[in-house]
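Note sheet for the following structure.
Just so it is clear, A, B, C and D label the chains in written order, and each chain counts residues from 1 on its own.
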Amino acid sequence: MSEAPKPVLETRALRKAFGGITATDNVTFSLPPGARHALIGPNGAGKTTFVNLLSGVLPATSGEIYLNGVNITNWSVRDRARAGLARTFQINQLYADLSPLETILIAINERENAATSWFRPLGSRSDLVDEAAALLVRLNLADVMQARVGSLAYGRQRLLEMAIALASKPQVLLLDEPAAGVPEGERDQILDVVAALPADVSLILIEHDMDLVFRFAKTISVLVNGALFVEGTRDEIARDPRVRQVYLGEEEIAHG
Amino acid sequence: MIFKSILAGAVGLAAGLQFTAPALSQETVKVGLIATLTGPQAASGRQKVAGARLYMQLNGNMVAGKKIELIVKDDTGVADVTRRHAQELIVNDKVAAIAGFSLTPLALAVAPVITQSKTPAIIMTAGTSVITERSPYFVRVSFTLPQQSVPIAEWAAKNGAKTAVSLVSDYGPGIDAQNAFKMRFEEQGGKVLEQLKAPLANPEFSPFLQRAKDLKPDALFLFVPAPTAGALMKQVIDRGLTEANIKVIGTGDITDDDQLNGIGDSVLGLITSHFYSAAHGSALNQKFVAEFKKANPGMRPNFIGVGGWDGMHAFYEALKKTSGDTDGTKLVDAMKGATWESPRGMMTIDPETRDVIQDVYIRKVEKKDGELYNIEFDVVKQVKDPMHK
Amino acid sequence: MLTILFDGVAYGMLLFVLAVGLCVTLGLMNFINLAHGAFAMAGGYLTVVMMNRMGLSFYWCLPAAFLFSAVLGVVLERALYRRLYDKTHLDQVLFSIGLIFMAMATVDYAMGASPQIVNLPPSLNGRIEILGANVGVYRLFVIAICGLLTIGLQFVIAKTRFGSRLRASVDDGRVARGLGIDVTGIFALTFAVGSGLAGLGGALGAPILSMDPSFPLKYMIFFLIVISIGGTTTITGPFFASILLGVADVAGKYFVPAIGGFIIYTIMVAVLIFRPQGLFTRSAKR
Amino acid sequence: MIPESPNKPAGWLLGRTRWRWYELAFWAAAASSFFIFPSKLMLISEIFILGLLAVSIDLTLGFAGLVTLGQGAFFGVGAYAAGLMAQYGAGTAPFADPLLGLLVAGFVAGALGFVTSFLVLRGSDLTRLMVTLGVALIVEEIVTQAKDITGGSDGLQGVMSSPVLGVWSFDLYGKTAFWYALIVTFVCFWFCRRLVNSSFGLSLLAIKGNPLRARAIGMPVNTRLVAIYTIAAAISGMSGGLLTQTTQFASPDMVAFHRSADALLILVFGGSGFLYGGLVGAVAFRVMQDFIGNITPQYWLFWVGLVLVLLVLFVRGGIIGMLIALRERLLRKGEGS
């Protein structure tokens, strides 16, 4: 995949150390436009740290990050988000006291620079509200649009978490374990949403759930101990004996 | 739900108001006493209320056929509360006069109200000269700082002090005292080396005292509001200023009668000038002190207590003179020029300035009957405030 | 000059004893107890009562003040404070302001609003010459007591088993719990000792500072400054912060009396701007 | 509160910002207190002013989640700004105009708020509390020290504003003061209400709820906080200006710690995050003060302290929170039966 022209997102020798522990170790990685890429690895492999580095939640110790060829290593979370890099969180970061509609509006308002409007009441820009509502309909959240987020079932909160990221119309979307903790019955909804994401959005999926990974990803990277262990297409990774050993094997044991 | 809260609020407001709702009676003349009963100045408020109540207790509450009613309000030492109480007392309770005011800013805050409503305001404590100039309805029965400071400046100069340093609390009365002291001391040929000002809410005087000590003056002049005086005097002693041959003098505020015993024997011999001492020898004062102690166990009357007493006296006499007419202007006119014997000695309300003219005593702290007292040994008769033109 | 330095150190030491309990408990439970000054006031007023009403010696008052405030502290901690550990900082602030108000009114009711003055035994009065500086005996006594306490505290924290558990708990309460350390128990004990120290500080300060009901509010600001400059992870931080504050306050008022009152606040805000985690935290954290 | 047709989400959102009958009733009650309690006009004006100060704190605390212990600094700066305008402009018509004075008070306080807002962006709740407190203390020191301008500890005396709009002069009974304070408070409140009901207000809630998420959405969190802190400071300054103009003086205790503390208590008492909490709290607080103060003027602090302690221990969301909880319980009971 390194031969793909003009990657949207790129890292060069990215490193993050917490005291003596290296959580991300010299990761050089690139993501082509429209990618469906999965990042897998055993527990503690540094997947979430990597996402936090990409999204700017954590500052890198060394190395660089490029978005569309622009060095964004020292950009704030906010600037990266505005440049088209959106993410979801492994643990829901939602507003329990607001409704899904308002939650989505917050994101749309930011995107459209409508959030500084302080005089007109919320809802007076019906185009934005309609867009928010449409997005919620698309994600099967229409019926709870006006409910309290805190009262939603967990699976639906995960959907909302994704909806927020989508509302900013990102170029690159980092999905941090979208299905984590979702009960079996609600899982399909999430998979459907992931599968139906617009083709021009480049995706990085971090996931434990191998069903989801293999159903959705075209390319896969395996992180072990913070370093890039192996990269390849879905089939290559599935066949790779080393991966089976360090990762899938462990999974089987865990599942077995 | 907000409606409910409004209802609750309105009901509550009504409930709260019942307590202060005006109960008008033609036979009653009301006097509003605004004192500071909570906060750091609370001690002064209690003296004042005790003095005023004692006067009413001993002199009855009927004057010129009217029943006098005293309404006490706590202003917590905050000026806008003082002003609101004054306004409410005048507008709602229809008081004939207001009285009290423990600090200068509190008195100044009511100036526009009393001028507008033509209500006499009797100052029982606050001591900045300028107050009585701010409204023609202010009458003062307490004292002014210059009035107290000038005699001690003279006394110090006469008794061999060539140089002096002054240390005061940094607010109106303190600055007044400091300037009056400097003026008179330098008129008498002395030199004030430095005028130090400590913040009003200041617990630590030691750096200021150390500076005063290092300047090696012959005398150190002190003024702080009464409740702070105890702490200051402790530190003066502790700093060894007397051993360094610096004569510590001040206005009577620093040897406040109420606190003197608490400060302890180390202040023995300290010389101050003031208009009132609980040890004043007159028969009236002995009766006043005895009754005051009886009515308020654990308290000894001080100059604030006597201010409360005289404030009521001024009002009683004025009401007698007007034969019960409570018109504010008439009352103030009746007070102008009034002369009477107070526990402090003879006093007069200056008809021009409405400020107090009284004897100022030079006193020394001595032990009498196991208690500390300011014993008067010299007097300057009938001192006018030197700052009024 | 030396006298000023000396006075500043004495004042700072006193502040340290008054505030150290607050610093440690704040670091330990992340609980803002603005009412800490009320414990100091309790100790101060106990001294007043014991000396002026019962005629007992000042030396007896010091341990009594410590015990009294410590017991008061532990009772309040068990009864009230522990309910607030999981509440927001704002709740804690409001709660402790409420306690301050109650303490102020109670003392006012019981003891009157006038400042209470304590007279020292003759052995502590007067002044002596040390190293060319003319110093008050009582201030020397304050420095000696506070110095001993500081060394004692440092020893307990650095060398004893309790100390190491305390340090672990302050460092990371969750991990400490995980290691089986009884953080709650440690906290109760620390709270008691901290309150007791405040009481002792109140007793020591009574002859200098004079006690009145507004004491907890008047000194709250000083405590906050000590914390914000000294940090809450060690006791050396608050110690140096207190000394700095005492010396800066005294020297400032001595040399530039006109603006003396500003200095400490300015230091506090400057420190919070440039070192929001406190001036001495990093150096103290090794 | 009544959900409208769910397929019209914009209408639903708009509907929630509409004035409710109980809001109108609240303001009608406020206005009618003029006739119900004609003897308490000054006290009621003071309640409006205090309430407005508490509302301004609600903007930062209740909506943006910034704790502050130093709003008194802005209140006091506004008070002095208005006072100085009136005092130095006395006689020269435009400067002593109360409305101009109020605008200047708001502007000056807002400017101070803007400058100091950068201090509260960093750090934890604890450092914020201390920085805001520190700023207030410094302002208080400056006010006491700058005697030539502020009158020092004695304050500014005899601040006489011109008649409002050249027509209504401030009278002894406080009638003009009442209407003036009520109308200014209402206008400021209306402004705040629009503010919190706008997209901007929603973004503040997003920051309060979860700053990390807000940043990840692409929100300039710090800019928003600076903006709201500045606006709140300006409104505090206007409430301070109101107090100076209606009481005709300014004194250092308008900057003092107890102002900030009182205002914060009032807000928490009333319930923060509802905008009405500050106003309801101010009413309740003053009524309580009056009530207890009449029974025991010396020791009312004790009862205030006790109420605070109980409030923190047992009640969430202050008076308004309590009423909402009560309403929900009643509704649930209604459904159950």
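Brief remarks on what is shown
Just so it is clear, a residue touches a chain if its C-beta (ideal position, glycine included) is under 8 Å from a C-beta of that chain, and two chains touch if they have at least 3 such contacts.
No experiment lies behind these values; they were computed from the predicted model shown.
Distance from the centre of chain B peaks at A, each centre being the average of the chain's Cα atoms.
Ranking B-C and B-D by contacting C-beta pairs places B-D first.
Chain B and chain D have Cα centroids separated by 36 Å. In whole angstrom, the spacing between the mean C-alpha positions of chain C and chain D is 34. Inter-chain centre distance (chain A to chain D, centres taken as mean C-alpha positions): 42 Å. Touching two or more other chains at once are residues 38, 42, 199 of chain B. Of all residues in chain D, those touching 2 or more other chains are 144, 298-301, listed in ascending order.
Note for the complex: chain D touches chain C at residues 61, 67, 69, 119, 122-127, 129-131, 133-135, 137-138, 141-142, 144-145, 257, 261, 264-265, 268, 298-309, 311-313. Here chain C touches chain B in the complex through residues 3-4, 7, 11, 52, 108, 112-117, 119, 125-127, 134, 136, 138-139, 207-210, 212-214, 218-219, 249-254, 257-258, 260-261, going by the rule given at the top.
The part of chain C that touches chain D in the complex is made up of residues 26, 32, 80, 83-84, 87-91, 93-95, 97-106, 108-109, 217, 221, 224-225, 227-228, 258-259, 261-262, 265-266, 268-269, 272-273, 276. For chain B in complex with chain D, the touching residues are 1-6, 8-10, 12-13, 15-17, 19-22, 37-38, 42, 72-74, 77-80, 83-84, 87-88, 90-92, 104-105, 108-109, 111-113, 116-117, 128, 134, 170-172, 199-200. The part of chain B that touches chain C in the complex is made up of residues 38-40, 42-43, 46, 196-199, 201-204, 206-208, 210-211, 227-228, 230-231, 234-235, 237-240, 243, 258-259, 262-264, 266, 298.
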